[in-house]
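The chains carry the letters A, B, C and D, assigned in the order they are written, with residues numbered from 1 in each.
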Amino acid sequence: MKAVMKPGTGLKEIGMVLAAAELEGLSAYVVRDGDSVAVCMPGACGAEFESRISRLPGVESAAAFARGFKIVSREFRSGNTVVNVSGVRIGDGGTVIIAGPCAVESREQLMRSAELMRECGAHMLRGGAYKPRSSPYSFQGLKEEGLRILSEARERFGMPIVTEVMSPSDVPIVAEHADMLQVGSRNMQNTALLEALGSAGRPVLLKRGMMSTVEELLLAAEYIASAGNRSIVLCERGIRTFEHVTRNTLDVAAVAVLKDLSHLPVIVDPSHATGRRKYVKAAALAGVAAGADGLLVEAHPSPEDALCDGEQSLSPPEFADLCASVQRVAEAVRPAGSRGVGGEL
Amino acid sequence: MKAVMKPGTGLKEIGMVLAAAELEGLSAYVVRDGDSVAVCMPGACGAEFESRISRLPGVESAAAFARGFKIVSREFRSGNTVVNVSGVRIGDGGTVIIAGPCAVESREQLMRSAELMRECGAHMLRGGAYKPRSSPYSFQGLKEEGLRILSEARERFGMPIVTEVMSPSDVPIVAEHADMLQVGSRNMQNTALLEALGSAGRPVLLKRGMMSTVEELLLAAEYIASAGNRSIVLCERGIRTFEHVTRNTLDVAAVAVLKDLSHLPVIVDPSHATGRRKYVKAAALAGVAAGADGLLVEAHPSPEDALCDGEQSLSPPEFADLCASVQRVAEAVRPAGSRGVGGEL
Amino acid sequence: MKAVMKPGTGLKEIGMVLAAAELEGLSAYVVRDGDSVAVCMPGACGAEFESRISRLPGVESAAAFARGFKIVSREFRSGNTVVNVSGVRIGDGGTVIIAGPCAVESREQLMRSAELMRECGAHMLRGGAYKPRSSPYSFQGLKEEGLRILSEARERFGMPIVTEVMSPSDVPIVAEHADMLQVGSRNMQNTALLEALGSAGRPVLLKRGMMSTVEELLLAAEYIASAGNRSIVLCERGIRTFEHVTRNTLDVAAVAVLKDLSHLPVIVDPSHATGRRKYVKAAALAGVAAGADGLLVEAHPSPEDALCDGEQSLSPPEFADLCASVQRVAEAVRPAGSRGVGGEL
Amino acid sequence: MKAVMKPGTGLKEIGMVLAAAELEGLSAYVVRDGDSVAVCMPGACGAEFESRISRLPGVESAAAFARGFKIVSREFRSGNTVVNVSGVRIGDGGTVIIAGPCAVESREQLMRSAELMRECGAHMLRGGAYKPRSSPYSFQGLKEEGLRILSEARERFGMPIVTEVMSPSDVPIVAEHADMLQVGSRNMQNTALLEALGSAGRPVLLKRGMMSTVEELLLAAEYIASAGNRSIVLCERGIRTFEHVTRNTLDVAAVAVLKDLSHLPVIVDPSHATGRRKYVKAAALAGVAAGADGLLVEAHPSPEDALCDGEQSLSPPEFADLCASVQRVAEAVRPAGSRGVGGEL
């Protein structure tokens, strides 16, 4: 956290902030930048602490600098990061739509999907070759065969590919075929995997664990960044709560919180967040209205035949309708001419 | 739940649905409406059961008809209900903004609030005279004096008033001064209060309990409706989860779920949902994008001086900015000419 | 919170604690008691803050004194409170078993229940006359007729009665018939009801809200205590979490936390906590092992015929087995001769 | 799930169960075993479904057979599995205590810990060489050096060692030094790791994810079992809820649920469950009272100096007191002569 002091603040006020840091068990140091004075507390975090600091006499503003994450924090980089995935720019003010089926089921299914998604307006194609499943007896994906099908679709339809990687030892082969590597919700704190992605040479799509706080998501991103890879896109995909009418609960405010605490792009997965086709559109529009840089949407040529997650997959007409509505909401929330303000890291 | 059968469906398929109901321990009966056949299961509910039924052979569609709520359900009334609060119509396709301070603190504070809110574009004024507080030692509100101040603000600025009522015995006096009576989150399952509101003669704003499911919220509304009062507006205000970077977690998809299951208007309270001023706007826009009929926003002439909830109250310029953005998003999500489709109940 | 300083601590260390309080926005004052020095912070609370304070140089120990509750706190009274319910003493080191059906269904059912419960070893009888139900169409209890049946059972079997009260206006009539008044989970923050119980003239059994924190439970107790009634027994009955294999999740550690923060007796309701007959015994024994002063158990002469909660009600043989096991565990966790150490408030 | 039918049940009743399975989208088959008839539904699960099936006419009992787990289920093996860890038998009716510091910090610290733990009554030694940390900048463990220190402690004090493994590629080296391999909460759904443990040749201690359901825990165990390793001990270590007065919420009823659904031993980690030294004992006794086969406890020669988790580590006298109390409660809940009833798998 960085507490910026008001001009002319005396030693007593600065001392109070230093004492606050010590009380938290944190190191703190005073930074002078021209006329302004600030107190930096590298490990400080939490809404409550931030609000307490900001109410101290002499403090002009206190900005979070959450415990342990540095490279991915706003203090590290005040402008927005733009992640370039083989030409598709995520985080530059536009709304990138990544769509496709839950799993790559066959060559035919994926080609048909890719064609339909592109027609409807998707910018990137998603599809699982390695599938994390709760049960060892469920369909685990086509694995390498799936990767080859994804590669072929990229060539044929000119859309970058994102697909999940589940083990450090699979990072090289997935990186060879895909444009972007996805870390799934269940593996968000698989630190061996996060570290391996540091040298993957590909952008990473990091999904929030269904049971993870915003801070833990940023710390997971910090693992990747500190291992050498700063091309990271964060994804809010719903958290687990007591409410079960939807599969998860979309934490839409987390989009704003993440954009506030970090310079990384943030996208929303309305499909896993709701788990029910008829609520996907509302969740998608909510995410865009809250400031998301893009969407990750499950769509399938014929959802009723899908091998997994058919209940939450959109049909092509539903997906086309979603894309059109997203466009209108994105224009409503983004000031004209705002695209392109960020820079690539 | 109502399962509509495909044309020409035979006895075997209908029998399967009846068996499903019996297995749930529910009564079920076959309804013929012209050529179409449906199976009604009054107490059936749940996403999982609905999806199971909808996959049965011969079933064209299955629509939830959640356990125990009838009058407030979509099956009871397919069109949207419009609640008329002294001339302000909630649920007719527009976006109603209700704003004001957490608590009525003084005559001056409320008059200043009302004037500023009206200038910024609010349609109704909120303010607590009776305050539910976790601690008996916290400020409990000005009570009757607060009601009189609210009444005066209504007369002077021509805005309908909504304020909370906490006890059955207070219903008459609050109904005398306010245009709409609010049930707070902590009292959502206070059934004695809900029943008393059945004969209050005023519309009710029913806030979701921070720990209550969507189904429980609809059942609470059913208590009011079955006691004689159908002018009810539902309010999603954030639920309690493990995430504490925001005060609560806005369950934005619940807006779509509630509009799907019920004909009642739904508004969103982004102030309690986030608890932090800087995230209120994102949550508000997300709510509108998800289909909310309005917003309940805490704003204060000088938030830093507020006796309660100052951290989540918007300043007048922040509130004016919010109103302008809400307008743009509302236009983006609502088809042109969609206003006025509902009817008053 | 009270921070007790180490002997010989200097001004610098005391000042650090005072600064910590100011940073929290709390008043703090130094108390000298003979040779020892302490800093009292009436509104301070939270595990995190307590741990931070306890790590400060010069601090010997920091004991919570949670925000807003005073009369019910350990600081207010270091010995255990014993609540006397018509001769049954709760909190004196023994394990009081309160048992009976969810609802009073008929005179016959209740008399049979009372007889069986007494034979099996119950000390008090429970049974609902006013039933809080999520749906207005569910059985709402026999009301006054139920109260009369309960009164009769008390006379006939010599067991004190506890039953729920749901509205301030019902307090007098319930207090006339019952020995102890229960506040249900849904009404834990119904402050009008809590205040009315202040002058009920009967001990109160206060159940924790299913999504209320330990601190909120103590604040609810403080409402009753500050309104004049200090005969309060707290009840942990399971909280709402993402896990649904049981109806709720028994927060068994809360028993120890409550006993640590408050001098009031604490009992456990294993029936609502698990919602499934076959897990009730494990939850009951766990509660006793964690230090509970008693149990509130649903048992029914023939659970399969119960009008409500039959799935979680024990049959008479199951209940007798539970009582015997409870006795053994209670002896294992309580030092010999520990009974009777508390005093009535 | 297996539904056992009453003797003499007719086709209609069996058909009803078959229809129920079909409605769930499950395969079902009728099994005749002598005179008795049962319907097996391999993928069926859930308390609600089980209860629905058990209420059908003609059904004598329905026992869960949760979706996807087979080898680890009670149906697969009705007796209790005993896991033998280098001579220490977990699951045979006794209460095994595994204790030690959070992390191996130095040779001296671990030797001192091992000596003290053994004196106090621990059966096995724990200590982290590879530490999963939320932040990449926190202490990550001594790694291989830590493993060597653990090995040395085993030789010197004759206690089997359990330590965490975090990556498939580390399985061989950890298996070389440790007697039992631990999967941490964050890696419970790291399926690559689970599969690698199938051929580790060492028993596995599988900790429940902090926001994973009981069913997901059993499915994770099934991954290990189906990959070839059936020596698995499950560990309940607290789940993440809204309550933050303790670090997590011990789901003590899950012990009984797991013992009901699976034949695997179950232990409890009261240290992570509460996160606060003063509540560890209550949680430990509750776990034993609920039927746990053992405890995993953090203890440290001088908790205030611990590099991690010092707040929840017991001092040697506290640990000795815990061991004595555990013994008394274990005797109270276990029928005399019950040890040794299980068999090794």
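The rule we apply is simple: a contact is a pair of C-beta atoms (placed from the backbone, for glycine too) under 8 Å apart; a residue touches a chain by one contact, two chains touch by 3 or more.
Owing to the predicted nature of the structure, the values given are computational and were not obtained by experimental measurement.
Centroid analysis (C-alpha atoms only) places B farthest from subunit D. When the C-beta contacts at A-D and at B-D are tallied, the pair with the greater total is A-D. Taking each chain's centre as the mean of its C-alpha atoms, subunit A lies 33 Å from subunit D. Each chain gets one centre point, the mean of its Cα atoms, and the points for subunit B and subunit D are 43 Å apart.
Residue numbers of subunit A whose C-beta contacts span two or more other chains: 211, 215, 240-242, 244. Interface of subunit C with subunit A (complex): residues 16, 19-20, 22-25, 52-53, 55-56, 211, 240-242, 244. Remark: subunit C residues 46-48, 51, 211, 213-215, 239, 241-246, 249-257, 260, 273-276, 278-279, 281-283, 285-291, 311, 325, 328-329, 331-333 touch subunit D in the complex.
Considering their complex, residues 67-70, 132-138, 166-170, 186-187, 189-193, 209-212, 215-216, 219, 222-223, 226-227, 240 of subunit D touch subunit A.
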